[in-house]
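In order of appearance the chains are A, B, C and D, and numbering begins at 1 in each one.
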Amino acid sequence: MMKYTVTGPGLDLQVEVLEAPGGRYRVRVLGKEYDVGWSPALGTTHWWLDWDGGPQDAGRQVLIVEPEGNDLGVTLDIDHLDLRVLPARLVARRRTRTEAQQDVEIRAPMPGLVVSVEVQPGQAVAAGVTVAVIEAMKMQMELRTPAAGIVREVRVQGGREVSSGDVIAVLVPHRGGEDTV
Amino acid sequence: MMKYTVTGPGLDLQVEVLEAPGGRYRVRVLGKEYDVGWSPALGTTHWWLDWDGGPQDAGRQVLIVEPEGNDLGVTLDIDHLDLRVLPARLVARRRTRTEAQQDVEIRAPMPGLVVSVEVQPGQAVAAGVTVAVIEAMKMQMELRTPAAGIVREVRVQGGREVSSGDVIAVLVPHRGGEDTV
Amino acid sequence: MKRIRRLLIANRGEIAVRIIRACRALGITPLAVYSPVDRSAPHVRLADRAWPLPADPPAESYLNIARLLEIARAAGADAIHPGYGFLAENPAFAAACAEAGLLFVGPPEGVLARCGDKVHAREQIAQAGVPVLPGTGAVSEEEAQASAGRIGYPLLIKAVGGGGGKGIHLVERVADLPSALRLARGEAVAAFGDPRLYLERWLPRPRHVEVQILADARGAIIHLGERECSIQRRHQKVIEESPSPALTPALRERLGAAAVAAARAVGYVNAGTVEFLLDGAAFYCIEVNARLQVEHPITETITGLDLVEAQLRIAEGEPLALRQEEVTWRGHALECRVGAEDPHHGFLPSVGVIEAVREPGGPGVRVDSGLVPGLPVSRYFDPLLAKVITWGATREAALDRMEGALAEMAVAGVRTTLPFLRWAVRDPAFRAGDYDVRFAERWDERREGRGLSEGARMTAAVAAALWTHARRARPVLPRASPESAWRRAARVESLGDREGE
Amino acid sequence: MKRIRRLLIANRGEIAVRIIRACRALGITPLAVYSPVDRSAPHVRLADRAWPLPADPPAESYLNIARLLEIARAAGADAIHPGYGFLAENPAFAAACAEAGLLFVGPPEGVLARCGDKVHAREQIAQAGVPVLPGTGAVSEEEAQASAGRIGYPLLIKAVGGGGGKGIHLVERVADLPSALRLARGEAVAAFGDPRLYLERWLPRPRHVEVQILADARGAIIHLGERECSIQRRHQKVIEESPSPALTPALRERLGAAAVAAARAVGYVNAGTVEFLLDGAAFYCIEVNARLQVEHPITETITGLDLVEAQLRIAEGEPLALRQEEVTWRGHALECRVGAEDPHHGFLPSVGVIEAVREPGGPGVRVDSGLVPGLPVSRYFDPLLAKVITWGATREAALDRMEGALAEMAVAGVRTTLPFLRWAVRDPAFRAGDYDVRFAERWDERREGRGLSEGARMTAAVAAALWTHARRARPVLPRASPESAWRRAARVESLGDREGE
């Protein structure tokens, strides 16, 4: 169960999210818990929200969600809100994180040319972020972070040849679903 | 310049293909050379063929190309042909390949669980084929072959934990654009 | 008179979408149902709410009367629209709706029962003075032998409980009759649960022309003109047009009057279609289809009427909104049915997942479609994917627009009948309006590739070489189709579960 | 009389596609041109052939007269269609086409010149007895001071060479006149290369109503009824409808007659539009647009005519195909222009690459669009992406269908005006037909989010939380949009080259 604080014009809500089977979620808001479906609708910006028992006429619709700096632009049918989302228990997390951290080495899966390195030491990254692009023979492959965390080291630069197994970067991961970026 | 023999019902043509800039090709067929554009049109099956100076009314169109066993099903506007395409100088290639081969080790880019291994020793693979799926923390990543070739060894099975840098499989690559699958 | 406010749509695909659009234009709340493979289908997302059905096989999904009525109750629906196919012509369902206090958007139980019994319906229609084909009532083997002589060979064996072109057998010679009867009876039992058979004269090259009618509960009946449906495969319509190029104004008038008489003979109520076979200037009524037809849009396009709206108003008990003399027709309309069948391999159904779609548009083009990327095309349901309808001030203009529209349309993920349709609308005989129910056979006779120009062959060869070259030299990294996105999501899902707090 | 066989289309986007579709329906070979960003645009692929233009800036692409004429020669074209905008009303281009022996599909050079000179055109129209707004001819600062009093404040300063609503200044008080004149003159030079200005009375809340006319080279002129275009932003139309809810049959008749008289006064030939301001029952002619209008489809929808076909036939020298009394109107049509502008941030142009599109369909819905995944939306060209046109037997039915169509439509990759359009067609005043040219200002007055229901706020908040959660807990592996596929291809390309033999 992950808790978020969502703020915006005339809006300050606590939203708790728990993953449920079948691509659905259990969502607790204003003291009530709902079964909510959330899935891609069109492209990478349009999402289908299927909020069972949700607010009148707001329950089933396509929404557009786009990052705008630190905010999220959410466009409904007609209206648009700029919202900010923060993990509600951010501070608490931070305290517990120090223990049980283990560095992760990200290595070249195959010999090739490092086309580009896309992270820097000290950078906070989400899971799935591209660390480097490696070109091996006739194809390119993107190396991604296995989890959110902090980049501790970067051991190569773009343009360098690497052998299979060379360490590209070292990541200090956060824990499970409680990561912060 | 790569040469192909295309055979089918009432059809036996030699087609030479040379890559040109801008996603275009130089194509030599029946003794004449053409400038041809070839790009995705819809999904993974529909292609846009822009054959400058090509046959009357056949030059610019969307075609559907689908593998059917060893053949290719090519669907035009109305008609459909089952064609077979072979590298014309296949045998020649084979002879020259023995020299200058170097095995490629494909390694785990990060510690995790091997969800599945999708190739077997001795298997001929094209470039870009998935070798294994590795699950690290909360994301999955597909390891792909850097080039076409033969799988010499597979060193892990699905379900096994691996550390960053462990060898997953060893590939004997063919050379450059002259590979055969 | 009861107003419909919440309408449950007991169907799927393009017709469910069509009915939802009618609701939007009438301020009615559309409510959908879906089988598992349809969970993200357009009709599910366009409706105000949607309820799952237990499984994909029709008996458990869109034919599941018990479950549909439960949902209707839970949904607070006041009416059910069955679309076409599935439960559209099922008297038991119409009766069950009535018992449950729901309006059934279609003819009442009694009318469905009468029209469902082909033999009885034909007798009533004949008594009303409308010509029907020489034939028998339900016959035993012995009776068949006797009456076959009178009808003459070749003749057709049809199932009394049949319809939609299923269970029909052609008998060429007297010697073949007994075996054909055995075969047909077996099929009739299997397909319709009704062993009764009847015989009917066979016409070598008729045209199939039908007339759209509207009848209200107060006995008013009008017709909206005809639809020519002679382009068929295995008795399934694939291209329709209106008006029919085969009718003279005089013949059109007689056909319209006959259709109204036939409808009156069976006491018809709501929107329906009277089907005729046309043989030169002679026509014979073959049946009354007690439902909205797949091809209804061509009539809508030239009359400017909304037939789904008409159905809903009639079901509410309203009188017809216009009189016969107020019906006007403008220009010419064509419909092509795009199906998930492979026209180059015997029209085998093509199953898969819709990867991407390009639909035509512009002046005089209407597309009724249930397509969306990621939609599975399964073996459980009808292969109809979309209908392309074009209008023109003249038949030629409508044909030219259809050629353009079919050239623009593309569907990735399954094979479609588009190549067949493109061939048909360019065929000189079709363009001349000179065709009958056997037109489509010419596609099969046409030897694959033979018709191909040298240029087309070269193009195919070059395409094959380029595809192979591109594939070898530069692996196209797989494009994540919505479907694979789903699979991936599902995979990650399972992790989520394993790790869930 | 010269028949058009090969038509070069000197335009892009939806209108190029529209013209290609007309060619398909007339057996004419459509030939396209494209600037670099348009290389894979729909009009390029739908045409029989396409030629590249040197660069994206309009002066080097779709305004590049020299290059366009070279291409027309190389292409063996016998006519050029300019679409709207770009070179559509450029007398020099019309003249150059004539010199090159090409038919220009539009009015002859002389007519374009006359209509382009607003002041002169207005004088000719006034002389024909058609009411125009009190105003001046081209004026110097001194003359302006003098005549301003006669016209009365507030008044408008307009550019003689202007058009499309550009370079218009509102002057409230006499004190503001001098500075406004300086400003306007500077703009006029910059925008139209013509410093001449004139003054015109300003109406506080007029409606913008225009009449479509057809005129052949033999002097026959008919009108196809009016279009109401009062929903505008910055003098740009966004929603149009026909017929206008503001006209009585009597007023409609007078307006049609005035339009024909105005067209005759300027010696008009081909399809054109006479624009009026409507103030109660009084109307004033403001200009004649010597081109095909963006909003022409609503007239096509209710008359059943193809206006591009009409343009081509007139250009060939054919007489009009129908007389005034043969024009018939059926039902009501609306058009909404979907543009790449962000209605929640001052309608700023939104540039990007079209990632995916869902266009509406079904009964009474027409979409004219130039959209395809992978298409760049650049700052070089007009932000118009697509036009959604709906028809209904009544205005209400057309509005309901438009609501449904706008709800179905979605565009990923750029921000669009869809939210504004959805708001407008649901607005009670608009639905009542009670609006004027200042209607759209109410969108700006509407404070963002204020109108939001509690439920909508909660929905947005939950969506934001789920998006964030999904993004953190389970990285959505990037979907390869066609555009990224292109970038990838390009990357691999470079390898290919480096290794190329």
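Assume a contact is a pair of C-beta atoms (placed from the backbone, for glycine too) under 8 Å apart; a residue touches a chain by one contact, two chains touch by 3 or more.
Here the structure is a predicted model, which is why all the values come from computation and not from measurement.
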| item | value |
| --- | --- |
| Selected pair, greater C-beta contact count between B-C and B-D | B-C |
| Chain whose mean Cα position lies farthest from subunit D | B |
| Whole-Å separation of chain centres (CA-atom averages), subunit A against subunit B | 33 |
| Gap in Å, rounded to a whole number, between the CA centres of subunit D and subunit B | 47 |
| Centroid distance [mean C-alpha coordinates] between subunit D and subunit C, Å | 39 |
| Junction residues of subunit D, two or more chains touched | 358, 407, 473-479, 485, 488-489, 492, 495-496, 499 |
| Subunit A: positions in contact with at least two other chains | 19, 40-41, 59, 62, 127-128, 138-139, 144, 176-177 |
| Chain contact graph, described as a line, ring, star, complete graph or other shape | complete |
| Sites on subunit A touched by subunit D in the complex | 2, 4, 6, 8-11, 13, 15, 17, 19, 25, 27, 29-30, 36, 38, 40-47, 49, 51, 54-59, 61-63, 65, 72, 74-81, 83, 85, 115, 126-129, 135, 138-140, 144, 148, 177, 179, 181 |
| Residues of subunit D defined as touching subunit A within the complex | 344, 355-358, 407, 410, 412-413, 415, 419, 422-423, 448-449, 451-479, 481, 488, 491-492, 495, 499 |
| Subunit C residues within the subunit D interface of the complex | 17-18, 21-22, 24-27, 46, 297, 300, 304-306, 330-331, 358-359, 361-369, 372, 392-393, 397, 400-401, 403-404, 407-408, 473-474, 476-480, 485, 488-489, 492, 496 |
| Touching residues on subunit A, where the partner in the complex is subunit B | 104-112, 127-128, 136-139, 141, 143-144, 146-147, 164-165, 167-168, 173, 176-177 |
| Subunit B residues within the subunit D interface of the complex | 1, 18-19, 21-23, 39-41, 48, 60, 62, 138-139, 176-177 |
